[in-house]
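We call the chains A, B, C and D, going by the order they appear; numbering starts again at 1 in every chain.
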Amino acid sequence: MTRVAGKALVVCVVAALLCGCGGGEADREPASQRPTPDAAALDREVRVLVAYASVTGSTAAMAEAVADGVRRVEGASVVVREFDAVTADDLADADAIALGSPTYFAGMPATVKVVLDRWGRDPKIDLTDKIAGAFSTGGGRAGGKESVLTALHAYALSRRMIVAGPLYERGSGAWGELGATARIEPGDEGPDAAELESATRLGERLAGLVARRVP
Amino acid sequence: MTRVAGKALVVCVVAALLCGCGGGEADREPASQRPTPDAAALDREVRVLVAYASVTGSTAAMAEAVADGVRRVEGASVVVREFDAVTADDLADADAIALGSPTYFAGMPATVKVVLDRWGRDPKIDLTDKIAGAFSTGGGRAGGKESVLTALHAYALSRRMIVAGPLYERGSGAWGELGATARIEPGDEGPDAAELESATRLGERLAGLVARRVP
Amino acid sequence: MTRVAGKALVVCVVAALLCGCGGGEADREPASQRPTPDAAALDREVRVLVAYASVTGSTAAMAEAVADGVRRVEGASVVVREFDAVTADDLADADAIALGSPTYFAGMPATVKVVLDRWGRDPKIDLTDKIAGAFSTGGGRAGGKESVLTALHAYALSRRMIVAGPLYERGSGAWGELGATARIEPGDEGPDAAELESATRLGERLAGLVARRVP
Amino acid sequence: MTRVAGKALVVCVVAALLCGCGGGEADREPASQRPTPDAAALDREVRVLVAYASVTGSTAAMAEAVADGVRRVEGASVVVREFDAVTADDLADADAIALGSPTYFAGMPATVKVVLDRWGRDPKIDLTDKIAGAFSTGGGRAGGKESVLTALHAYALSRRMIVAGPLYERGSGAWGELGATARIEPGDEGPDAAELESATRLGERLAGLVARRVP
C-alpha cells in the first residue's frame, strides 16, 4: 500500500508544481517533511538477487547472464551470490530473487536445498511478496531441468513469493516460459548463446516487474 | 510501462484538481479528509476474474469462496464465470485471474484445457503481467489435485502471467501454499470450511497483490 | 534382452552338462534352433502401443522412433496410432503404452486430454499394470515439454499403470530420464537425430521391461 | 541379478526338460500340472525396502503402514530403514523401494536429498529396474506433499527405476494415485486411518508387482 501511496504522493506533488499549486494551508508544510510512506520506496534502486550453486561453472555463467538482464532495466541493480554466501541482508534487500541450480538426479542437489531450508527456518528471513524466478542446468533432454524449475517455484510459493518466468516474442507471437535452462553435455564449455539469452530474459523480466511495481 | 505512464497522467490530473490547480477550495480541506493517495491512485477498482469449471458444484463452491476473498480487499471487485462463459473482455479487464478446475485422472479435464488453449490461440487475449492463482477439487489424498495446480501455474507462466498462492499465518509462523484444493469424496456435500477458507485466502491474496501493485 | 538371453544360454548349457544331458534327440537339435527360454516363456508377443497426437509431424516422427525402439527387442511388436484412432482393443492388447503429445501452453493440448479422459470414463478400458512411457515435443527450452511428461505420468498412475523412462549409458555412467522430448523451433524440419534416439530408447525400454516381465 | 538367478532356475528346469534330463517321469506329467514358470521362479522372497526420514514420527508411522502392505503379499518380506541407515546391501537386495519424506517448504528436506544424491554418486548402487513408490507427509492442503511425490518419482526415473502408486477400488470403479500422503497439522497425533491405509496400499502394490513380475 505504501509504495502506491508514495507514487500517488509524488505524482501529486509533481502535478502541484506543474500546475503552480501555490497557496493555502497545506502548502506551508513542506512536502518533504510530511510522512511519505512511499517516498522511501522511490529513493532507491530496484534490487535483484541472483542466488545460485555451480559445480562446473555452467550455472554460474547462467547467473551472470541473469544479472545482465537485470542491468538492462533502468534503475535496477543486481547482486550475484553463490547460495552459501547469501546473507540475510541480501535477502531482505532484494525485491526479486532469481534462484539457480544444477540438476542432480532430476532434482536440485541437496547442497541447494540445505540453504533453502535454512532460509525457511530463520524467521527473520521473510520473503513475502518478493518476486521469484528460476533457472537450472543439467545434462540430457528430459533429465529434470524443468522439474528443478518447478521445485524452485514450489519453494518460492511456500515462502510467500510471487513467481515469474522469462518472456519471448517472435513476429506477432508472444509467450512466456517456466524459467531458463541450459543443457550441458560432457565436453560442452557451458551454456550456449541462446541459453544465456534465456537467462538474461529472466533477469530482465524480474527487474522489469519490480520496476513497474515499485512506485 | 505505458499503463503506469497512463495511470500517472490520470493521477496527475486528479492531483491537479484536488490541489485546486487554479483555485483555493481544495487547499482548505484538511489532509485527513482528502482522498488518500492510494484511493486517488486507483482510477478504477481492482478487478479479479474467477474462472472455473464444475461438474458437481464443488469447484463452483470454491470459486465463490475465492470471490469472497477478493471482496475482503477494499476497492476490489470480482467476476465469477464458468470457463465457457468467460469473454475476451472479462480477461482483458482482469488484473488477476483465479483458475479453478476439477481433477480428472490426475490432471485438468479436457473441457478446461479446451478453453485455456482457445485463450492462447486468440492473439487479442493478452494476459501479460496479470496475476494468476489456481484452485482445484478432486477425490483422494494424492490423486492429482496439486498436479492440477502446477499445470495451471505452468499455463499461466506460458501466457506471461505471474503466479501467486494463498498465504497463511499461525502463531509466529507464516507460509504460503501452491493454491487452494478441496478433497471431495462420494457423499461429501462439497468443500469443508477449511477448504473454502483456503480458497478465500487465495482470492484475498490475488486482490491484495493487485491493490498494492496498481499505482 | 541380450544379456538375459546370453545368460540363459549359459545356464542352459550348464544345466545340460549338470544333468548329464548326453544323448538323444534333443541334443542333436542345435541350441540356436531350440526355443530360447525367453521365447518359451513368452506365450505370445510383447505388444507395445504408441499413441500420439501430432500437428506438424514432429510428434509423429518421435512416435515412429519409439516404434523403432520397440522393434529392437526380440519378440516385440508395435502398433502406432494417432490418439483419435486408438481403439479399446488396441489398449487391451497392449502390454505397454507410449503416450506422445505436443506441448500447448506448457501442457498437453485439449485434444489429447479429450482422448485420455474418454479412456478413463470407459470402464471396459482397464490399463492396470500396463507400462507407460511418455514423449513430447514443443518449442523453447523451458516451455513445458517436461511438464507434459510429468502430466502424462500422473495420468498413467491414475489409471493404475507403471511408469518407465528411457535409459542411457556413457562410459561407466548409467542413468535414466523422464521420457523423450524434442525441441522444435520454427523452421526446424522435425526432431534431430539425438531426439529421435531418445524416443527409440523409450520404446526399447518399454518393450524390454515387458519382455522380461512376461512369464 | 536375483531376478536373473530366478530366471536361471526356470531356464534350468526348461533346459532339463528339453534335454530329457532324468528320463520319462517329468515328460509324462501334463503341462498344466507342472510347476508354472512363475511358481518355479519364486525361489526366494520378494523384498521391499521402505526408506524414510521422519522428524515428528508421522513419516515413520506411514513407513510402518507401507511395510504392513508389503506383508499382505504372500512371500514378500520388508525392511524398514531411516534414510541414514540404509546400506548399499539394503538397496541391492531390494526388488522395490518405497521412498518416504516429510515436506519442507514444498519439497523434500535437504537431509533426504543428501542421501538420495549419495546413492546416485556411488556407482555400486545400481537401482535399474527396481520398482519405486513414494509417500510423504506435511502440513496444509496444497503445501507440496504431492510435489514431493513427483520429485521422488523423478529421482526414481533418473536412477532407472520404474514407478508405481497405490491402487484403489470402490464399487465398480478402480483407480490409482500418485503415492500416499498424510496431512499433519499441529496437534495431530500422526496420520489418520485412511492415510495409513493409503500407505499400506502403496506397500501392497509394490510387493504385488514384484511378486507377479518375477518369472
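In this section, a contact is a pair of C-beta atoms (placed from the backbone, for glycine too) under 8 Å apart; a residue touches a chain by one contact, two chains touch by 3 or more.
Being a predicted model, the structure only gives us computed values, none of them experimental.
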item	value
Common touching chains of subunit B and subunit A	C, D
Pair of chains joined by more contacts [C-beta pairs], B-C or C-D	C-D
Between subunit D and subunit A, distance of the C-alpha-averaged centres to the nearest whole Å	41
Inter-centroid spacing, subunit D versus subunit C (mean Cα positions, whole Å)	22
Distance between the centres, which are taken as Cα means, of subunit C and subunit B, whole angstrom	42
Residue list for subunit B, restricted to those that touch at least two other chains	106, 143-144, 147, 150, 154, 157-159, 165, 175, 177-178
Touching residues on subunit C, where the partner in the complex is subunit D	4, 7-8, 11-12, 14-16, 19-21, 24-27, 34, 37, 40-41, 123, 126, 128-129, 131, 150, 153-154, 157-165, 167, 172-178, 209, 212-213, 215
Complex contacts: residues of subunit C adjacent to subunit B	104-111, 113-114, 116-117, 120, 143-144, 147, 150-151, 154-155, 157-159
Complex contacts: residues of subunit C adjacent to subunit A	106, 140-147, 149-150, 165, 168, 170, 175, 177-183, 186, 194-195, 198
